[in-house]
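Each of the two complexes below includes chain A, the first together with chain B, the second together with chain C.
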Partner chain A sequence: MTHAVATNQTILVVGGGVSGMTAALEAAECGRQVLLVEKTPTLGGRTALLYRYFPKLCHPTCGLEINLRRVKASRNLRVLTQAEVTRITGARGDYSVALKLAPRYVNENCTACGACGAAVEATIDDPYNYNLSKMKAAYLPHAMAFPQRYVLDPSIIGTPDGEKAKAACRYGAIDLGMKVESLEIRVGAVIWATGWRPYDAAKIQPYGYDRYPNVITSLEFERLADPHGPTGGRILRPSDGREAKDIAFIQCAGSRDENHLRHCSRICCMASLKQTQYVREAYGEAGKSTVYYIDIRAIDRFEDFYSKVLADQTVRFVKSKPARIAEDAGTRDPVIHGVDTEGYHRYATRHDLVVLAVGMEPSVNGADVPHEIVADSSGFIESAASGGFFAAGCASNALDVNRSVQSATASALRAIQIVRKADRVEA
Partner chain B sequence: MADPKYAAYVCKGCGIGERIDADQSAKIAEKEGKIALVRQHEFLCNAEGVALIRSDIEKEGVTHVAIAACSRRAKTEAFEFPGVALARANLREGVIWVRPDTAEARETTQEMADDYVRMACAELKKMKVPAGNPETGRSKRILVVGGGVSGLTAAVEARNTGYEVVLVEKQAQLGGWAAKLWKRIPEREPHAAPVDTGVQALIDAVTQDAGIRVYTNATLAQTSGAPGRFKASIAVESGSTATEEVGAIVQATGFSLYDMNRLPELGAGKSPNVMDQAGLESLARKAAPKGLPIRRPSDGGEVKRVVFVQCAGQRDDTGKHLPYCSGYCCNTSIKQAMYFKDANPAVDTVVIYTDLRVPGNGEDFYRSAQKKGVTFTKGSVTGVEASGDTCRVSFRDLILDEDASIEAADLVVLATGQVANAGVDIDNPQATDANGTKPISILNLDYRQGKDLPKLSHGFADSHFICFPYETRRTGIYAAGPVRRPMDIAQAKEDATGAVLKAIQAAENAELGRAAHPRSGDLSFPIVQLEGCTQCKRCTVECPFGAIDEDEKTYPVFNESRCRRCGTCMGACPVRVISFENYSVDSVGAQIKAVDIPDEFSEKPRILVLACENDAYPALDMAGMQRNHYSAFVRVIPVRCLGSVNTSWIIDALNGGYDGVMMMGCKHGDDYQCHFVKGSELANSRMSKISETLKTMALETERVATYEVAITDIKRLPVLIGDYAKVIEKIGLSPMKGFA
Partner chain C sequence: MGAPGEFNLAALARYGNDFLAEVEERVEEGEWVKMCMQCGVCAGSCPFGPDWEHSPQKIFMMIRAGKRDEVLASDSMWMCTSCYNCVVRCPRKLPITQIMHGLAAYAHRLGLAPKMQPTRRWSLLFWDNCTKTGRVNELKLTLGLYFMDGIVAGFKQAWTLRNIGLGMLLAKRLNPFELIRGHECKDKAGIHRMLKKAAEIEARKRGFAKP
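Now for the complex of A and B:
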């Protein structure tokens, strides 16, 4: 699998989240050769770490299962995980791409039986729970991970734990001597589906994310609500493990702000409206959600969902961009200070937990990306100078899942248009 | 085809060998499963194990392989043998991982494993490798319905990919709404000012391309056929009809503006100075190209003040107007305010809004308008009164929380929103749209299930699936642009490009006999034995995708390339004459019959679980991966969709001595999660009717239970199974045992 053969009729898709998987599958199912590379050890991306989707409140893993089945069934698609693009040269229709493959220390013999995980003692932060919990240093990223193959964290290589993992494996799947590999491939077109990362909430200093344990991000809140998350689906305060029942959601945390992200991240209003329903799911009438907002952007039929939440007596809306958050030293309750712009009065409101609806920052922002990517001033990718690159999903704009998939499908067609020409030139 | 040759492989890896007696399972495959070639292996999925199977296929002529190892969801690539029928017995996630490793559990765990081996062997005997359907269409042309920005983009993108296009436009001119705009919202930086619409370039690209056949003043009189072989009868202006064969269809029929005359309280019809956004574009197109300012329609007077009323007849909770938000109108009003500000900063422009909705980089556009001096007021407009040549706009100021008004507005622009041109409502063909007009059909499909695409909500022909925006309930026909959901030009172009990919994919796959999403690539298709058919029409009525027509004698006529292979027709058929080559009434029925049913004194009930393969089955698998234990009395069979469950399976199971049947499907209702639309709902209603049958069998109604299950129910499913096992314990074992 690591010796992927590709030609100038191959489409390279960078990023294995919902956008990248979609772009890759749609192109492959049109009969095109596709190589999908993902930096982490599993496909699935950020949506695999969400509890539910708005507005249907269905589960992201349902769509992921369908897409993984498509991946397994496709003969035109090859997947490389722990792979990063380090350099791209060439021109539209004929690029040369250098890939760096990080060692997994586990080969294809792995059956995901779990014996290595049971044997290893060291634990590491679990990025699949936004580091809210620990996991073994020999791990399967999550239950839906693809490839369904364990990973050894580099920190245990050369330690007794590494040897324990190797000794526990009866299938010769652990190879402690694996090294970084590099690979040079040829492709005709490139789709960047590198997605987004949550804006660093600590940069919004007045909100105290880095100082107050009971101020968390919307992504972390997804994990708390998820029955497979670190708290088994119970919404517990990080400071004392007590149930948080009075929860504030602060919109535009980093978005629509010239000091942080200029753009509106589009998804956060709907995400917070959705999360108020997690609170209701957990506590019924005993839960309390307060949404601090500038504008509620529940666009098109999402308005139906907003109407439903508006009618929910447990949810209150305050039109305000909070000025700062303080912490009650005794209880560690966060207290939000600001001015309600409807009627202009000051408030100082205590909550059990504050959830910052953090904005979407393009993943490649500030990263060392290969040459000739054309991005806008926010870091969203537009194309390549030579015209053979396309952006899909949140690499291209702040988009929700539905629009990301739409964007990825369109990108797949544009990439096909390029390799089709290469195809004809070769013939 | 060569005579079938069967082989079974029992893997002992991952602890299977320690937890169960693999010799016994292998013997069962040989003796009871009547498999000639049975092998055991320590580690079947490694290169050597796979090579062994391959060698048997090549050297021994094995055509059918049963693998008793891990779940069918694991090691899928390793156990992929093209041209070979494959059955998987799930001994790992489905047996040893869900059972405690104790001496007392050993016997029932072994029974579980033995039954799964029996079931895999039985299934294998009833399977054929799908040959694919040779009767497919080969047309690769793309029919685009609608000549606005979405349709033109679809046509150009299809051509850029090498496909011929037929474009049908109802109007005399191409260009749609975009051609009526003066400028459009920018989609690239700097997001500072309105930009050229670009629509003329699109029209030129389409009209100058010999590969695009354009019909204007034309409508579809009839659409018949299926992907790869659609026939479109196009009624043209002269009264004659042209017929075009196409492979797939993009429906880009756009929107109508919500009729402002329904808003007299906002001054519509009271003064020519009150207009909708299209009205203002029309004024701008007349004045701006000549460098003239926009003037007041009533008297040609100078415009000093313009008020934009957002959400006019939208986001309405009274039931009188549109309940939804059209998404593009905030940016459009900002753009239109700039028409005035860019020409003359002295013109006062006020946008009255409740929530300003400018997602993404629209924020820069909004900021640019603020810099240009456009005023944004958070308020809710309560009335517009005309007096003379100006209007008074009354509103509730939501910041100051008081009533306010703006006097002497020269122009009032109502942002009225989009109503989809999606054709007739197939569930209610007499229904009128939001504008009160009775739509005429757009596609005029000759399908059994109606003339147009099914609508999702508020009249839009959208997909129900968040992960799959191009999911369509009429295979090969893809909605794009504002007919799908409200959107602006930039989004419509993106949407049309995606829709064309799906159309191309549908046409390509139709030729190869491959299914469209979600069973992408599946070569099986429903085969009907018409001799036994009673013309009951259940299959044609219940098919969620309108794949089955009826002939003049009401026999079903299957259109394979419209079919999505869910098996709902197979589940519906009371005489069991519909089946797939690798998934049939027999292939599942044989598995049910293969299970060894202990006698009524054994205290070992048998519970059949029919589980949706996309959600319930993975949830059961993951329960195993997390070692969440459940009862050893269940026997799980994955089904393509709960809609494919034929009632005969349930009856046969109960007659055969099973003590209960659990059916696990997806959520149904408004927010349904069934990827075949209504499979779980149909199963639910079929099972509600089964209670009569149970009574005649003198069985308790509890013996059949249906559950809504999500893929995340990893902890819940073992509990559900445990609870159900208790119910069976309470009502006692089935009296039907021993009669089969």
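Now for the complex of A and C:
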């Protein structure tokens, strides 16, 4: 895998989420050579960790499966996982890129039979469930993981658990001697699609995410609702495992706030509207959702979705950004305090569970990209002086999947223009 | 300062019913009022919130709605204790505490502030006390506060707190001679010139009648 040869007609795509996969596939299917580099052991990015997609409420597996089939079918696309870009030098049409590949300790022989996972005893936090649960230290990231190959966590290398994993594998797929590798390649254009990360909810001090177990983030809520998640799809309170039926959603948790993220994260209104429908799906008329908001930003055609949720009797809207959350010492119920804007009524409302609609920030903040780029005040990438470097998806702005895909397609086209020029120069 | 009534009328004539423009020009930090997005965080964060009629959020909306008389006669701004809870939480970083004090001072200047509002009376007492000699005479200030509501109330209050007063006397924290001839700052005339200049600059900047 490490002898991935590239030339200045190759397009490098960094980040294997929906944006990076789309950009890579669009370019590869146009006949271009593409190298897709992903930091984690699997493609899919954050969308693979959602329960359902707005606006149609379909499951992410569906879209992911189509894309993965395209990846497998494409002869022009090579994928490197557990790989990171450490340096990019050069200019449009001719870049030199340094890559660092972390060892997986499992080679191509793996059939994903799971024998190593069964043999290993050590467990680690499961990042695919936002650490709400543990997983074995020999693991398949998730059901849709690509490549479908197990991973050994570095913490068990050199321990008896590592040896157990090796002994359990009947295909000789485990190679405990794998090392970190470095690689230098040449490419003509770079598409930066490293996506987003949730704003650290603990920084919003008055909401007590770090103090109250029944205050969670919207991402954790996606995992709770998912049948493949830590609770098998049941919406259970972290404090006592009781079913949460009266759920509050707090919008703009960290967004549109000079003390946190300045920008509107754009997707969280729709994400909460969608999540009220998870509550309805779970409990029917017995469920109760309350959305606390400054204003609902269901952009363009999403307005239809908003209208539907507005008509839902189980969902209540309170126009107010809550001032703080307290906790009932006995029941550990979160109590939301604030004043509403429609009438200026003071309220203190108890709920079973509070979901913070956390904002999106660029996963690699502008300053950390190993190349000279221009980023906006939130760190989203606008452009690069070198002329052949383009951002796609949430690396460029807070976008939903649909808009991420549009942005990725646009960047693929720009990258193709660059390598076509390089083509002609060489010919 | 000109007669409050006159000045009030002049301000009204200039701004018509655009109270927001008036606040922007004449109230300290008033230019921030338009930045409020009515989220409600300040209203919910104020520890005294339940006890006053108009939260900052509401005051800012009333300003924009042109409710001049209600805002300037409100006693809510006078209730602000400068805890700064709202300021640190406001997502738009409005200097809410400063605006509250600015509004209070402006209402007072126009003669529209509630006359018997205790904070207003206390502020006046403090201002007169400290500007007279250039430094605060704590004994006179305390006694002024005791006797604010009349002779009888004053003696009662002094009697209730007599042990504290005695303790302070013994600890040399209270000098009874301050009542007769208090400390003054070295250059009293200089302080007065400085205050006069500051008032002139403020009047020029905000278009107030010449002090």
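Here is the rule we go by: the second predicted complex is superposed on the first by the 424 of 427 C-alpha atoms of A that agree within 3 Å, B and C clash if a C-alpha of one lies under 4 Å from a C-alpha of the other, contacts with A are read in each partner's own complex, and residues count from 1 in each chain.
The rule is simple: a residue touches a chain if its C-beta (ideal position, glycine included) is under 8 Å from a C-beta of that chain, and two chains touch if they have at least 3 such contacts.
Keep in mind that this is a model prediction, so the values were computed, not measured.
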Q) Once the shared chain is lined up, is A:A24 touching chain B (first), chain C (second), both, or neither of them? A) neither
Q. Should A:I216 be classified as contacting the first partner (chain B), the second (chain C), both, or neither?
A. neither
Q) Counting only touches as set out at the top, which of chain B and chain C does A:L356 meet: first, second, both, neither? A) neither
Q: In the overlay, answer first, second, both or neither for which of chain B and chain C A:E65 touches.
A: first
Q) Which touches a greater number of chain A residues, chain B or chain C? A) B
Q.
Quick one: is A:L224 in contact with chain B, with chain C, with both, or with neither? Answer first, second, both or neither.
A. neither
(Q) In the overlaid three-chain picture, which partner chain does A:R420 touch, first (chain B) or second (chain C), both, or neither? (A) first
Q: Report for A:P206: first if it touches chain B alone, second if chain C alone, otherwise both or neither.
A: second
**Q.** Partner chain(s) touched by A:A323 [first = chain B, second = chain C, both, neither]
**A.** second
Q: Mind working out whether A:T341 is in touch with chain B, chain C, both or neither, as first, second, both or neither?
A: both
(Q) With the touch criterion stated at the top, can you tell me which chain A residues are shared between the chain B interface and the chain C interface? (A) 256, 341, 344
Q. Which residues, counting only chain B, touch chain A once they are in their complex?
A. 13-15, 43, 45-46, 70, 74-77, 157, 160-162, 188-189, 315, 317, 323-327, 355-364, 367, 378, 398-401, 456-458, 460, 462, 464-470, 485-487, 491, 494-495, 497-502, 504-505, 508-509, 517-518, 520-521, 614-615, 618, 622, 625-626, 666-667, 671, 673, 675, 710-712, 714-715
Q: Under the touch definition given earlier, write down the residues of chain A that touch chain C in their complex.
A: 206, 252, 256-260, 294, 320-324, 337-341, 344, 346
Q) Given the complex with chain A, which residues does chain C contribute to the contact? A) 37-45, 49-50, 55, 57-58, 88-93
Q.
Residue numbers of chain A touching chain B in their complex, please.
A. 18, 25-26, 29-31, 53, 56-67, 69-70, 72-74, 109, 111-114, 140, 143-144, 148, 170-172, 226-228, 256, 262-266, 295-304, 307, 319, 341-344, 376-378, 380, 382, 397-399, 401-403, 405-410, 412-414, 416-417, 420
